[in-house]
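Chain nomenclature is as follows: A, B, C and D, assigned in order of appearance, with residue numbering initiated at 1 for each chain independently.
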Amino acid sequence: MTDVMPDPLTLAILLPLFGAIAAFLLPRAAPAIGLGAVVATAAAIAVLGHLVVQAGTIFVPLGGWGAPLGIELRADGLALAMLGLTALIALGVGLGALAAFAGETEVGGQPMARQRAFFWPLCLLLLTGMNGVYLSNDLFNLYVMLEVISLAAVGLAVLGGTVAALRAGLAYMYASLLGALMMLLGVGFVYLQTGRLDLAGLAGAPDSAALSAAFGLMLVGLALKTALFPLHFWLPEAHANATAPASALLSALVVKAGLYILLRLAEAGPFPGEAILTLMGVLGTGAVLWGGVQALRAERLKLLVAWSTVAQMGLIFVALARAGLEGLSDSWRAAALLILAHAVAKAGMFLAAGRIKDVIGHDRISELDRSAVRPALAQLAFALAAISLIGLPPSLGFIGKWSLMEGAMMAGNWHWVAVTMAGTLLSVAYFTRALTGFLRFDRVRAPLDEHRGWALADAPPVVLAGLAVGLGLAAGPILAVLDLGTPFGAIP
Amino acid sequence: MIALSQATIYGLAGLAVFGLGLMGVLGAAERLRRLIALNLCAAGAGMVLIAAAWRSPPAVPDPVPHALVITGIVVMVSATAVALALIRRLHSLETDTDD
Amino acid sequence: MLEIAGTAFMALGALFFVAGTIGLLRFPDVFCRLHALTKADGMGLALVCLSAAIGAPDGGEALRILLIWVFVALASATGGHLVARHARRAGPPVREVRP
Amino acid sequence: MTVLLAFDLLLAASIVGLAAATLLMRDAFAMIVAFIVFGMLLALGWARLVAPDVALAEVAIGAGLSGALLLRTLAHLRGGGLSAQGGASVSAPTNGATQGINALLAGLATCALGLAYLGAPQNVPGLEAHVTDAMPESGVTHPVTAVLLNFRAYDTLMEVVVLLAAVIVVWQVERGLAETPAPALGTVYQGFARVALPVAVIAGGYLLWIGAEAPGGAFQAGAVLGAVAVLGLLSRHVRPAPAHRPLARGTFVAGTAIFALVALGVSGAGRETFEYPPAHAKTLILLIEAMVTVSIAATLAALFHGREPVTVATGKETT
């Protein structure tokens, strides 16, 4: 199918896998191997990008069989954007992890050397699974990939080894497993109805009870995995109690896998009706409001950030629902933009929150201040990420929200505009809680310590958060990439 | 009128097992019981898939669902092992702090 | 002739299994239950294997069935021993039968 | 025919009944045993549906190894033994109202699914015709093995990756736990192990070899060999030590690594990834299966054993 041998699609999946294997075999060299594997994967994705720009959608029939007997990989603009995003975040978080797991001291949990040794195999397995999901064109393969992601993500969530992290990790594991099993049963129903497993098989299928059951199961399962309100119960604790690089990966990437599959299902199949889409928007609204209120009430910085993930995921569902079933062929762009914006900003924000916690020794919001040891660059990164998540121009978040509201207005759905506005106000309110803390002098209780200067560890959050703001200026090219290979059919 | 074929019997039984597992996951209080309930869900989904191998009346069953279910079984034992490791570790830490 | 013998052995084996199961359910303590299980089910298994071996299409198949019998018998004897040993050490004493 | 149908009805009812009984058992030990019996009956059901490969996998992995894992965990929770009543207290679920609503919702959803199932078309062909057409080029003659290792080999590779991920996470979670003293099993067990383990190794090899043309294959063989290793661990024939760690890591990844390397290696010259040259397909599949079998066996045994063997050095990690 492609001139390059072996094809870059397979390499984007297998290179991180080889990296994970090598990092597991050589624990001491894990950071170097890990970063090398991420860079190699990014190179494969760059080659793939070149091919997609030239040829549009690329299919690779693995084993030469082709669908429906074999499994096909598929790459188009949407997949390419997600792949690039994931590589970018893995690189940023990986560099952040170098600093976060440096040193030998142990703070009540796992020894640092062990955390360092195990972070990389799990991170690379996660990358394998994520890239596998983006490139998959087969329902059962998506289920297996989701399980790869689940196990790696749970391993990352409990890396710190504290009781709180383990408890949250187990709850996460159960939610994730149940979601995957619902997806599996849904795949069974698809097979009953169509006799095939590839996504293309959904397209021609007649609307039937079995197919509705399949969609119902898969949507509920994926909603559980993406923590759509009210199935979000597992997310805040799991994301807040993980170590910072793990939180960044979980919040920025893992929840997006379910969303991406939802997009692909909506693209492929006869989506089960206007009402379901509206329901997704309504639940998204619930997430925006409930997540916002809980973020306002959170006492710890990382918990606030985690609740904001619940709210932001809700917003993405609102984006999907903004113009109804007919508007879906355009609404996916708004959703994709918000996915990209949230991923970059949230990765930067969690790394920044982790730095702040490392430097000042706690992350209680009521005691944040402008003390002399203040991690100024991390606070800057937090603020930049907040700008994008709130949606101030020219950030990528602004472009996403603008695109959401524009489509909603054109369809005359003012209620979705109101929801977006309400969510924006709430996000201003809860991020301000943290930001004002960064500016206060009157909370200093301990004697002023010497400013510790800037560390290399400040670079990844600043760069990621800066990108979250700056990429808004590149919205045109990003949209052009998303439209490569025309996902969701022709551009209206 | 629906013909009560062999596959239909096991398919419906599979759905019932999945439903029971679902109830267990939602209702069980203990960690082990929830995990077993999840395993029941997996078994139920597997039964539906294996029954799906017999829909059209061929002489031999469709091997693809068989392969899928074997994959599912291996995936499930992996997940079970991870969950059990978490349970054991949590138990150790909790009994340490409680005493 | 062989077919009749096979069926008869199978039925007899099933009868032993039923007896063993009744013993498992009705007997008062671990040791009695174990007695019922290992003895009756061992016999039942032997008969069922014999029946299956008679019905086997060729000698190789029959040999494999007999091997299965040998190993299941070994395993169940060992398992029975382990259960009894554990019960003797950890559990309550043998229940006295009152006249 | 009707007698068999009655048997199927009885078996299906028993399966559902055992699933319910498993969840209703008050004692955790009884619950696990019921779950294992459930797995056995399930395998019988799958044998009735002419899915012997799946039945084998279910008995060996779904019921057997899962059961062993569950029992080992229960022993840990109860402080070394299974009969002690302390530790994992089996409390009755609380909050009846929520429970009722949940049960009602799950029941309604299941009924809806049942209706949808009955409404599904009965005459849509599956992929069996495609499989039959492609079988001559697959390198093996057993369709399930062809699907697992050729047509959908990519899924199978990822399945082995899931196993690898599991053992990495288990090692990461459970480091440095003090070893629970293994129960002394006595001379009868030791004698049994001495006879049974070599035979089981042969049986595993046989399952692997026969998989190319008949039910069996890497997963069933790996499960049997994994059970051998578990028995070896229990009888103390196998004693994991810190020095074994590099070997263990190598064994865990061998299957995944070889599988992925072969998949990439055969590509090129107009061939896609995973597209084995027909002349070498059988050799390559057997090579992959052999490596995967060894990896699966080692991984399953490691999942049972749990913790990574480490020298207790820091002193911070106690029990």
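One rule holds in what follows: a residue touches a chain if its C-beta (ideal position, glycine included) is under 8 Å from a C-beta of that chain, and two chains touch if they have at least 3 such contacts.
Here the structure is a predicted model, which is why all the values come from computation and not from measurement.
A count of contacting C-beta pairs for C-D and for B-D identifies B-D as the more extensively joined pair. Averaged C-alpha coordinates put the centre of chain B at 30 Å from the centre of chain C. Centroid to centroid, with C-alpha atoms defining each point, chain B and chain D lie 12 Å apart. Mean C-alpha position of chain A lies 31 Å from that of chain D. Residues of chain C in contact with at least two other chains: none.
Residue positions 140, 144, 147, 151, 154-155, 158, 166, 185, 189, 191-192, 195 of chain A are each in touch with at least two other chains.
For chain D, residues that reach two or more other chains under the stated contact definition are 113, 117, 120-121, 124-127, 131, 151-152, 155, 159, 162, 165-166, 169, 173. All chain pairs in contact, by the document's touch criterion: A-B, A-D, B-D, C-D. Contact residues of chain A toward chain B in the complex are 140, 144, 147, 150-151, 154-155, 158, 163, 166-167, 169-170, 173-174, 177-178, 181, 184-185, 187-189, 191-192, 195, 197. Across the complex, chain D is touched by residues 1, 5-7, 10, 14, 17-18, 20-21, 24-25, 60-65, 68-71, 106, 110-111, 114, 118, 121-122, 125, 128, 132, 138, 140-141, 144-145, 147-148, 151-152, 154-155, 158-159, 161, 166, 185, 189, 191-196, 208-210, 212-213, 217 of chain A. Interface of chain D with chain A (complex): residues 112-113, 115-117, 119-121, 124-127, 130-131, 134, 150-155, 158-159, 161-162, 164-166, 168-169, 171-173, 175, 246, 249-250, 252-253, 256-257, 260, 263-264, 267-269, 271-276, 314, 316. Listed in rising order, the residues of chain D touching chain B in the complex are 4-5, 8-9, 12-13, 15-16, 19-20, 22-23, 28, 31-32, 35, 38-39, 42, 45-46, 48-51, 53-54, 57-58, 61-62, 65-66, 69-70, 72-74, 76-77, 87-88, 90-94, 99, 102-103, 105-107, 109-110, 113-114, 117-118, 120-128, 131, 143-144, 146-148, 151-152, 155-156, 159, 162-163, 165-167, 169-170, 173-174, 177, 219, 296, 300, 303-304, 306, 319. Taken in their complex, chain B has these residues touching chain D: 2, 4, 6-13, 15-24, 26-30, 32-33, 35-37, 39-40, 43-44, 46-48, 50-56, 58, 60-71, 73-82, 84-89, 91-92, 96.
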